[in-house]
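Step one of this worksheet: look at the structure below.
In this document, chain identifiers A, B, C and D correspond to the written order of the chains, with residue numbering beginning at 1 in each.
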């Protein structure tokens, strides 16, 4: 129980740090990293939920996290491409 | 045959075909749009007969497996999506000049449609997250399709905001799974105990979705994204994509978090809605460009839909509540048709004039009578004048406001109505000028006709023949 | 954002974190039992794979995974719609070339292993696809303009193949009356392997192509003859 | 669905469908447009004839379309609606002929006639509306359909006038809508019932009923140009003459006045309205408007502006009639609905003729015009004398019954209003007649566009005012004949008061 809380709680802290960084920082790259940190926080929480002590872990949250990671990668890739396109248009901005 | 799976599978296969064979993207895309429309309307027809549908991809069933589910609400939105998307697809086939854009447009367009149908049919909270990401990515990619820096920047912002919303939503889902051990909406609803966990999950999920639905004051990303995209994309973003997020808020509040919907919570949504109505309409009035005007008007229209929350909350289950819910759906549908019609028409104006600055549109308005007419019809529906569907919606909204003693919402509705009249007629006033008389009503049927038909639907069909909607929304089906 | 505003945000988020931690503790304390773990384990024999995570991904919640592949495809299509890729990097020095010659086959081999092992141990299409993608990234860094991928039209077919095979299997089971994505027990194992193979190729292609960051060049310079 | 239930819808569609098709007619195709216009107008007249006969013999015509559960769009023919429908249909036919002549060489005719037909359809819808919801629907459609007509010329003044018009009518529409919704929420569906829909049962909500009445009257008062809500009317004079004629005689102001009559008689019921003290409010508003409009008319040099203020004043006779308790005053108000219409349309046709033929826009330019355009001026004189109330022209009948009704209701102050108003009418109309007939003809006209030939102006412009002037005379001379406006108003009053 304690391990579960610590692991999941770390996820929540990551999530909050991600929001903070997203709100406070202007550059695209930092916002994207912030979003990915938020995502990691949520994934942490799910993995913590899966923990069952000596029993084999709950596979469902694991699968959800795998799906979530692929989705996050896709979104990050698209955002980076959009960002680079903007930079090409306006190298100073 | 599982019509629910087909409503998602058909557009998906069509999208893949259009992506794999770019040289034939347009033909494949149009054929796919037609097939998807048939598949979607089949869902609506079956819901009409049976009241609700459920199917379980994988055959495992909840809670281990996933489920698709359709009731009157989702069937109505699927039907609207089908008709709007089909008309927009036909428009798009005439709108894009040959070149790179058609081949990029069609697969993304069909993926967007897949995600919309998937969202309306999903019965699983995590599956909704994946659907919303598909929706968000396809929408952002489509929004940037023009390639102008303004469009790319707006799409990027839209994508980031969407991701922020999704992550917040997903945290809520994770809490729900931690506390209740299931992701199926019905099972969560059955297991739900009011308390801090459920409350936090509801706030997180609603907050994330409100960001995507551009609910005031989280609407700031919408106007640039919707105003800078190409016309068919703007139409879909404003008419359909925002609606999908709003639909989820409604679904969660009505069916999942029911015991947590207190008067205070409902009033908060109502208050934000009222602010959105006034602020969105005011900004639309001040907008200098036609498409920006249309985009701000979407902010206001989402506000109208939010006004229904406190009224629904205060109305005990029964005929009055069913009427109110139907009025809400009617307003959402009317806005979907009207706004898509308006954006398509605005696209033609922009293409013909080379810009969409309202003050300089006189010649174009005179030159394209059918398009101006579409704007007028869509404007009628946006103001909420008879005989449009939103007139009936507002009538029922205000009746309910009087009956539940919440008369203050009437003030918001009337303010929004008058402001809407002002911004619509600011555009229409440009059509009366000393330019030469147009020779024909219709000049380019393939693009003008879809816009006109969409706008006409919002006025004549939804205003005068909306009664089947009530039957569709009946719990047991119409037949 | 001004200093004061950022301080206010920090403070609010600190409070939010505390609230969330408390709520999480409450949620854990609610003791919902084994959640879906037991059910997933009991049904495992019927899922045709022995790795429970793969069972969730490709059988219990296969529809999620299908959509997820579509998300990946949407991202790639979006990236391609933004125009041509930028030229990339200088051709690699000899050391990197030699390393790439060693690492890339190794990655491909490992990918194949992970794909196969996924049925009964941690691994599967995503891990395998990620390794293929990594191979592409290394090739691109080593100066291969298309990250080792074939021409655009072939890339399209490859990227689409994962979702296409998945959706086709789903519609085929539907057509044979079993329901969307409901595999007949005798076929389940092979259908899952088929889907996973296509998905691996598609994920690898998509990740590498996304790394290229735009429409692939028609006749890339710097393609080394192998 | 029986034929009886189709008749109201057919009357509506007889102008709506041609109107929709006219939008699609290519600009050069005058023949097709003319055929659509005229066949719609004639067909409507025919159908209205059937309806008059039927309603007189107690037939019930009702078309009902359910928009949503509990919300019905109802077209229902009773004696009062037939009065207004007949007026609209007859004057539409005449005005269509006039408009075809008037707009012979002007641009955007397909658009004009399309909206013109929509406008008449909306008016017919208002006349036939069987409940408050339907009334509101057509009332708002009327606003939408008239806006393009006011803005039609496309000049900056025209668009400005249209904007003012829209601002007033939209605000009025909003008030009306709120009142209608409120009443609906309070009492359920608000059907128009002869003698009043509300009963003593509803008196427990007395305060709300008074507030709703004020909202409804304010909303309707905008179109009926009750002072101080009349500001749009003089501004919208920029519209082409056929539009002004129709707006002033039939469509817009009449829709407002007709709505007031409906609310007083068929929603509240005249007894209930009186007992709530609402009639006196209405009476004061109407009297004030009558005097104010006339006084403003005195100082106008622009001919159409003077007529516009005259309309402000004259339309309130209808509201005045509704505000006096008793059948005789009711008859006076109702018959004025028709009489004011035919007299005012005559005057506007003539004003249009002066402008089109000789370029005369101002009273001060009218010296001796009677010799150059005798027939037009004759028609104008009939209309003007009728407005003053000279027997045997129609206006006299209205004022006579209003006076009798006031005496019967012991509201003697109304007589003072009538007398003052008639004097003022004379003061702003007689100088025009004097100038036209007795002042010397000037050397040149401001802008002579149609040279004198066999007729003083083109036939399509000349016949309509002559026909309507003849109506004015006949309505007065044959007031006692069956199916005259007066007889019909008496029929309505009998039914409203249950006599």
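Simple rule for what comes next: a contact is a pair of C-beta atoms (placed from the backbone, for glycine too) under 8 Å apart; a residue touches a chain by one contact, two chains touch by 3 or more.
All of these numbers come straight from a predicted model, not from anything done at the bench.
Among the remaining chains, D is positioned farthest from chain A, on the basis of C-alpha centroids. Annotation: 69 Å between the Cα-based centres of chain A and chain D. Centroids of chain B and chain D (each the mean of its C-alpha atoms) stand 42 Å apart. Remark: chain A and chain C have CA centroids separated by 16 Å (rounded to whole angstrom). The mean-CA centres of chain C and chain D are about 73 angstrom from one another, to the nearest whole unit.
The set of chain D residues touching two or more other chains is empty.
Touching two or more other chains at once are residues 20, 24, 28, 34-36, 40, 60-61, 64, 68, 71, 74-75, 78, 82-83 of chain C.
Chain B has residues 64, 126, 130, 133, 137, 140-141, 144, 147, 152, 175, 177-178 in contact with two or more other chains. Chain contact topology: the protein chains form a pattern that is neither a line, a ring, a star nor a complete graph.
Looking at the complex, you find that chain B touches chain D at residues 319, 323, 326-327, 330, 369, 373, 380, 385-387, 391-392, 395-396, 398-400, 402-403, 410, 414, 417-418, 421, 425, 428-429, 432-442, 463-464, 466-467, 470.
Looking at the complex, you find that chain D touches chain B at residues 23-24, 26-28, 65-71, 73, 107-111, 133, 136-138, 140-141, 143-144, 147-148, 151-155, 158-159, 162-163, 166, 170-171, 173-174, 177-178, 181-182, 184-186.
Residues 8, 15, 18-19, 22, 28, 31-32, 35, 38-39, 41-42, 45-46, 49, 60-61, 64, 67-68, 71, 74-75, 78-79, 82-83, 85-86, 89-90 of chain A are the ones touching chain B in the complex. Contacts from chain C toward chain A in the complex involve residues 1, 6, 9-10, 13-14, 16-17, 20-21, 24-25, 28, 34-37, 40-41, 52-53, 55-57, 60-61, 64-65, 68, 71-72, 74-76, 78-79, 82-83, 86, 126, 203, 207, 210-211, 213-214.
Those residues of chain B that touch chain C in the complex are listed here as 1-2, 5-6, 9, 12-13, 15-16, 19-20, 22, 55-60, 63-66, 100, 104, 107-108, 111, 114-115, 118, 126-127, 130-131, 133-134, 137-138, 140-141, 144-145, 147, 152, 175, 177-182, 191, 193, 195-197, 200.
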